[in-house]
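In the two assemblies presented below, chain A is common to both, partnered first by chain B and then by chain C.
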Partner chain A sequence: MKVEQLSLEEFRARLGSKNGLRIQFGPFVVRIQSFLPSLANPLYRLYAFYTLANDDIAEFHVQIVSKRSLRRPFTPFVQFLVDGQAPFPAAPVHHALTMLEWGINLAIAVRVNHFLLFHCAAVERNGHVLLLPAWPGSGKTTLCAALIHHGYRLFSDEFGLMHVQSGNFFPLPRLMPLKNQAIGAIRDFLPEVTLGPEIHGTLKGTVAHVRPPEASIDREDEPAIPRWIVFPKWTAHQPLQLEEMPRSEAFLLLASNAFNYEVLGEVAFDAVTGLIQRCECRKLVYSDFDSALVALNALTDD
Partner chain B sequence: MTDRRLNAHHQLLVRALRDPPSLCNISNQDWELLLRLVRRARLLGFLAVELGNAGLLDKIPVRIANHLRSGLIQARKYQQLARWELDRVRWALGEDRGPIIVLKGMAYLLAGLPHAAGRVFADLDLLVLAENLQPIESTLLAKGWQHHELSAYDEHYYRAWTHEIPALIHRERETEVDIHHTLTSPIGRLQLEAAPFREAAVRLPELGIYVLSPPDMVLHCAVNLFQNNELADDMRHLLDLHGMLQHFSSDQPLFLDNLITRANQLRLGRPLFYGLYFCRLLLRTPVPNTLMTRLEQRPGWLALKVMQLCVPLALLPLHPDLPCRGAKLARWWLYWRSHWLRMPLHVLVPHLAYKFYLSVFPSKAANTASSRVTAKTK
Partner chain C sequence: MVDWDGEFTVFQPAAGKTHFLNEMGLQVLILLDQSPATLERLCQLLAEHFSLLLDESFMQQIQQTLHRFEALGLVAYVNFSQ
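Coming up: the complex of A and B.
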């Protein structure tokens, strides 16, 4: 059963109930609880396609709760809690959605070691995964948003979830937070996209969330093997370049950006080595989505 | 027979710790709650090892097994970091800094205690001779270790009122090194000579360092738990006691007898009594009554009654969804108790007043580093 099959009232009631709203995100189930009236509406719209996991074990239990500050008694604040503990300070009430999304990501990043967690966007085309690692100025989320509305299946804009033993990557299609100018760029390029409210004044500026396409969420239990690793870089007024990247450089960038590379140690070293050897590694410089799409389509054509 | 006195979620956790194979038929709902309790108690790695040894990690729900394994991987990483830190400290100090005794988590690992295999510990605890403290601290400071930035108050707190110096952390690493010069607070009610512990310590030939002798290791653990700590969410330390009692007893049939004798000799009957009492109560550790009654300095019936009510509520984690006023009260009382035991009243009252002041005006703490230390010293 999907979230959209509930009425808004039922959805709101679940959020406020003892059992909470239990959502399947890829291989994880998250229980979300909140009484915050302003959170239910955008969440209902953005979470529409996710599966309700009522009978499965939830591994993450999160809440958004109201909080009053002694020093600013008249400003409403909210706090994110995971298992009753607050990993970051309270924020103004209109940040609730970004706090929830970041909070869940943080909980995944610090608790999960049964996957090697790369910090990268991942999409699938023709049965294989294309990894878009995060590196400074990469704009991975933006490029990823463009790709998934042009025939690519979304795995994640944030986590590359590698099952070390099989080499498979697992989808974790979460909301995709666009930041600042990227919001306008995606609105122009993809008028059909469903965006959440613009949330101003967060740590990363203005944020608006892209709802993942229904088809990607429907296939969130289908892993795939990666074949391409492309390090994107957006640069204004630059001609498109898609060139070979030395494997040693790709290794270092990928490994140093993984969330739990150090924790997994030798296992992670072997996994990244194997991954790099199996994949084509490229560096992409682009200034517009159309030419980037043409180049990436050519790379990932069968 | 004791279980009726425990809350349902405490029964679940205690059963998991003392009899992991019994978990094979619990419901998904119970698993979900248990995972949260085990995480709060920092026992994911412990339970992963126990279930793994019993060959049951593949017979429980796979999502639960994944998180237990994740916890074990994290615990092993901490262990590796602590081993490396010990290696670096030994390298930095060389041969001429007198005997070094490794305490707590790292010592359990070095002593090869089975229950330590999945144990989480973030710090490296060392006991050195008081007269060597100053040269050791200077050497480490000269070779790349640093203190957190401390307020003058925290500095004074450590140097005058505790049995350790402020933690040292190498600037390239994260593991804290806690250097102790004795085993209990120098101004506390229990004055403990470190000398007998040193004399009995066991040398590890391959490392050239020492760990406490088996009975002293048990006694130190009990002293820490019932004298130095506030007991909140400290179940893993009771599990240390339980693990040691079982392991050492299986090695030496007379271990418990010797332990009692040693405790009476060192006047540690009270903390050991509590340790054995709660191990029996919660984990059903086999300790005969006849041995318990040989302990001197046993608590009176009223003290025992209060402890019996409060200790399980503090040691075992709170229910993640259901607030419990009784548990909060118990924890509050044990917090006071631990301070009462560690400090005379003329030090305690100003100390707690100062900490209350800081909790209202956190910005008055010199910086975040010192507030972190203050949090640790609470």
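Coming up: the complex of A and C.
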């Protein structure tokens, strides 16, 4: 059963109930609880296509709760909790959605060690995964949003979940937070995209979340093997370049931005080595989505 | 250890660290793994291996590399006089 099959009132009731709202996000079940009235509406719309995981054990128990600040007693604040603990400070109430999404990502990043967790976007085309690792100025979420509305299946805009024994990557298609100028760029390029409310004044500026396509969420239990690793960089007014990247450099960048590389030790070293040896590694410099799509389509054509 | 066309990644199990080495760095570790050596002897072997001039600048470069490797726990200083 999907979230959209509930009425808004039923959704709100579940969110505020003792059992909470249990959502399947890829291989994880997250139990979300909140009594915050302003959170239910955008969450209902953005989570519409996710599967309700009614009877499954939840890996993550998260809450958004109201909080009063002694310094600012008349300003409503909210706090994100995971297993009753607050990993970061309270924020103004209108940041509730960003707090929830960042909080769930943080919980995944620090607690999941049965996958090697890369900090990258991942999409699938022609049965194979294309990894877009995060590095400064990469614009991975923005590029990922463009790709998944042009024939690519979303795995994640934030995590590459690698099962180290099989080499498979597992989808984790969560909401995609666009920031600042990227919001307008995606609105212009993809008028059909479903975006959440613009949330101003967060630590990362203005944020708006893209709802992943229904087809990607429907196939969130279908893993695939990567074949391409492309390190993107958005640079204004630059002609497109898609060049081969030395594998040693790709290893360095990929390993150093994995969340749990050091925790997994030699297992991770072997997994990254195998991954780099199997994949074509490229650097992409782009300034517009159309030319980036043409280049990436050519790379990932059968 | 993995060879990426002349650059090498090495996993050091004791420290759980991954190191990136060029051919010179790797050769330093290979030679010291075979037997301890003085800086002069090590530089002589390296200069022969890579067909390089054995001068003061080269020896300083190798000494710096050894200091870095020592800080990373890859090599240890041994007192030959004892």
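We take it that the second predicted complex is superposed on the first by the 302 of 302 C-alpha atoms of A that agree within 3 Å, B and C clash if a C-alpha of one lies under 4 Å from a C-alpha of the other, contacts with A are read in each partner's own complex, and residues count from 1 in each chain.
Here is the rule we go by: contacts are C-beta pairs under 8 Å (C-beta built on N, C-alpha and C of every residue); 3 or more make two chains touch, one makes a residue touch a chain.
Computed from a predicted model, the values in this text were never measured in an experiment.
Trainee: Answer with first, second, both or neither: which of chain B and chain C does A:R111 touch in the superposed model?
Mentor: A:R111: touches chain B, not chain C.
Trainee: With both complexes overlaid on chain A, does A:E262 touch chain B (first), chain C (second), both or neither?
Mentor: both
Trainee: Kindly classify A:T273 by the partners it touches after superposition: chain B alone (first), chain C alone (second), both, or neither?
Mentor: second
Trainee: Figure out whether A:H150 sits in contact with chain B (first) or chain C (second), or with both, or with neither.
Mentor: A:H150 sits against neither chain B nor chain C.
Trainee: Applying the touch criterion given at the start, work out whether A:H163 contacts chain B, chain C, both or neither, answering first, second, both or neither.
Mentor: It touches nothing on chain B or chain C.
Trainee: Considering only the touch criterion stated at the top, classify A:K67 as touching first (chain B), second (chain C), both, or neither.
Mentor: Neither partner.
Trainee: Contact-wise, after the overlay, does A:L252 reach chain B, chain C, both or neither (first, second, both, neither)?
Mentor: A:L252 sits against chain C, while chain B stays out of touch.
Trainee: More residues of chain A in touch with chain C or with chain B?
Mentor: Touched residues of chain A are more numerous for B.
Trainee: Could you give the residue numbers on chain A that contact chain B in one complex and chain C in the other?
Mentor: 262, 265
Trainee: Within the complex, which stretch of chain C touches chain A?
Mentor: 2, 4-5, 7-9, 11, 13, 16-18, 20
Trainee: Can you list the chain A residues touching chain C in their complex?
Mentor: Residues 246-248, 251-252, 255, 261-262, 265-266, 269, 273.
Trainee: Okay, in this complex, where on chain B does chain A touch?
Mentor: That would be residues 28, 31-32, 35-36, 39-40, 61, 63-64, 66-67, 69-71, 73-74, 77, 80, 318, 320-321 of chain B.
Trainee: Over in the complex, which chain A residues touch chain B? Could you list them?
Mentor: The contact residues of chain A facing chain B are 18, 27-29, 55-59, 61, 83-84, 111-114, 262-265.
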